[in-house]
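I have placed the structure first, in the form of structure tokens, so that the comments after it can refer back to it.
Think of it as A, B, C and D in the order they're written, each chain with its own count starting at 1.
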């Protein structure tokens, strides 16, 4: 009854609905009916919001129908669970696509390119867009397109640049638009347009030190830990649903430059974890918060 | 549909069985049938051993029958899942009982007594047994019986002492026998007798530094982190299934005495977490390993 | 040349002065002159403020004079380093004194009492003062005086209560006044009066979640780590110099009550570490920040 | 009195000698004499071995002589401290050199190349040598020489390969020879030849899980944390002086492949930290242990 080790082809269901008795029974009965061998299952009922969340991964080889048929059938189950049920059903053989937005600081880009090269990222990096040209060479060396879109110093004149970025990004219809230290605040309409797909790495332990120069803020306040936060981008600056956070210890001997250097390691880790979970459909958003089935 | 906040009365099912299709469906169908409102559900299928584990907590108030009736009915479900299925069904209103074995070092005892006094421990501490009398006063100040059972310096002559400890412990039929820095190696027959209930805190990050004086071993080796391990006691010394571990950073400036002092904080944390999970039926043992639905 | 292991009698010098060439040379020449065997030495030059900090511990037995003579002689060295030099010279055989302020939540009190009972706290707990009587019994069981000082519900009428607390505290002339989850905001004049001695434990990773109910704030924001902060009390709420901070991981499954429970462990650790460092003269304050020679 | 922010040119003294009264005074008097502005100073007296360690960094611009003159003068001071005194004096403008040994797993290589590209590594990567050709392309893309040295499957016939590696490495006279997941056990004579310069990253929290396939060992044992260890290479396998270690939490749901993936992040962090400290002369070795002035 043990599947071959190489059989890592999965159908992944993520679902959120109003909490009620019998949800697990309904979904698991359906999966049993179609022969689905569950290899991962996670549930969460949020008492506060009255919302229920689940993620289930089944062996594709155990299911007696195509993914499209499965989607059609599961739609009926989802409908039974209420009109505001939100769900997705992903076939892990359908590759996911990512576009990265960068500026001058390359550590997050290097990290993601290295992970992609090592086969560790469950997605293809389709393109990298920079508001500065600095990271073009390293991107192209990995055989990935780099687009330089200059931005005006005057915030009021950045509209055309954002239009160009939008056009370049949307050409790939990506599953994730990653602001890998992009350093530009997205206009509200782009936040809305990429809602649930735009992911930012902020170099502080939010909600502390929102906005610019968080390591300087941390230094001035004399905190004993610095951190990084991976979150979905929303119109309110640095206030979107948090996917992942982590911290590292600093002390009085650490100048701002030391914090910047040590913080990079945390930024890379937190962004790569958050992005992986997003791409594997492990992150379910509800209101201002996330459920992460890591 | 929201239960009152004070309704924390639960029926908790823990189950391990051979992995197969339909387990979740079978259990959740049963729970739906008896009206069970699931507030926590966790699953794990271990590909390595082909074993399946689950823990489910339902609101007692949502179930239409007594806990004894529920147990009788669930026994049928469990039987369907195979003859070697192991399960328990616990009513959180049935209080759990703990007996502590101690020696001279009091930090773990103080910590557990403080937690009990603060209502944080999901169990009653029935008695404390020490091979030295040192911790008698603090125990009695908390209104708990303390038994001093002297041990011979000669390991060959400790049999009667262990017999006396066994007698004192078994009088309470405890859900957990906690070796809270007891410093005596249990004989194999006692390990067998209390199998799955005897819990030890070892003051190293196992499997490093098995046996005596682990902080001295750690100092000599020059490790940069020291740790503690909470594990079930088995006949093989410090080799039982691990429930919880944690570490703390040390450096060259830390002498053995500093490691001992800092290590105490980790020992307390790791033991209290491991014990809590054990008492809440979150720890399922299979072979040499544990599944912890924390 | 190795001193006996039991010789832990120290003279500890802490000093802060304007940074300049030759400070280390001046102090170490002085210590060599009086025969001082340095067992710990730490230095920090803060480039930002131009201030220099040092802490040195010497074996008392190696010094050829009494602590009072040593103080008199060292005062001349300190004077050479500038008129705004701040320093202390502590004899570790002169016991330090602590007074604790508490409310109803007992975990920090239990923890400190347990540490004191185990000989782990480098100070005597002289008295505990509570604005509620709840923690009187446990305090007295440890043979320590407990004073209940009721506080009016009306903040405007709390003056007499604070006067009484001040009187009770000052009777012991303590080295540390610890707000061990005291839940009352000290008036500015008390902050000033106990400046550098009043230590608070705040149950968040400051500067996030200042003020009341930080775990509720953390839950609402959906952070992935919760923390605690030990800091000196100043007139600005939760904004005093930070001594120590730490965090623990939480996730979507943790309700506020879970955060409260898990947070207690971090509060205890952070407070006990911060208090220990304060009592061992390891914390030097400059402006809004601390240097901690841990 | 504040030096310009860009003045990061330093002379760094590292010294170990028999502990005695007056060492700090002697060294600091010397530094004062030559005008040295100390920007970092760390000391450690090891009571166990009776050995004293220090590292001091002074602003090069503050010293009134060349680095060679300074070395000549300091040699006299060191000689006064005893015949077995070990010391070095490094000018941070003299670039350090690193050679990397790799196999097929590229994550540590990618990480170090990314850090070098970002200007974060205080050294030049002179060459990369692989016993497989797999990582040649990524290395050359960064403009760095890659040498493929095939190794026989028969351990007895690997001598010529090791000779070739030695020749290639020694051509650069590197300050560090980094085994970045090299997967070949160095012969004793190479360990001796590169003593204090050969640095390995082992993918476990040593001394647990020495040797091959440590993640498999960790999985089998059921540990709750996995780790990595950066250490100097000695003839005894995985037993050299430890420079840095760190761990990450795993649980029952993590298969070996998950541990491998998560472990990579810890390996990268631990190796990059350990290597940085080595290159900045922050690591002093004494016997089987290190002092790390991080």
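Rule of thumb we're sticking to: contacts are C-beta pairs under 8 Å (C-beta built on N, C-alpha and C of every residue); 3 or more make two chains touch, one makes a residue touch a chain.
These numbers come from a predicted model, not from an experiment.
Colleague: Where centres are the averaged C-alpha coordinates, which chain has the largest centre distance to chain D?
Modeller: It is B whose centre lies farthest from that of chain D.
Colleague: As a quick test, compute the distance in whole Å between the mean CA positions of chain A and chain B.
Modeller: 37
Colleague: Once you find the CA centre of chain A and the CA centre of chain C, what distance in Å lies between them?
Modeller: The separation of the two C-alpha centroids amounts to 41 Å.
Colleague: In chain D, which residues are in touch with two or more of the other chains?
Modeller: Where chain D meets two or more other chains at a single residue, that happens at 47, 253.
Colleague: What topology does the chain touch graph have (line, ring, star, complete, other)?
Modeller: Topology of touching chains reads as complete, every chain touching all others.
Colleague: If we count contacts the way the header does, which residues on chain D are in touch with chain C in the complex?
Modeller: Residues 1-2, 19-22, 24-25, 28-29, 31-32, 35-39, 41-43, 45, 47, 50, 62.
Colleague: Tell me, which parts of chain C touch chain A in their complex?
Modeller: Residues 44, 46-48, 53, 205-209, 219-225, 227, 241-247, 251-253, 255, 288-292, 294.
Colleague: Tell me, which parts of chain B touch chain C in their complex?
Modeller: Of all residues in chain B, those touching chain C are 40, 106-107, 110-111, 113-115, 117-118, 120, 138, 141-142, 253, 261, 264-265, 269, 272.
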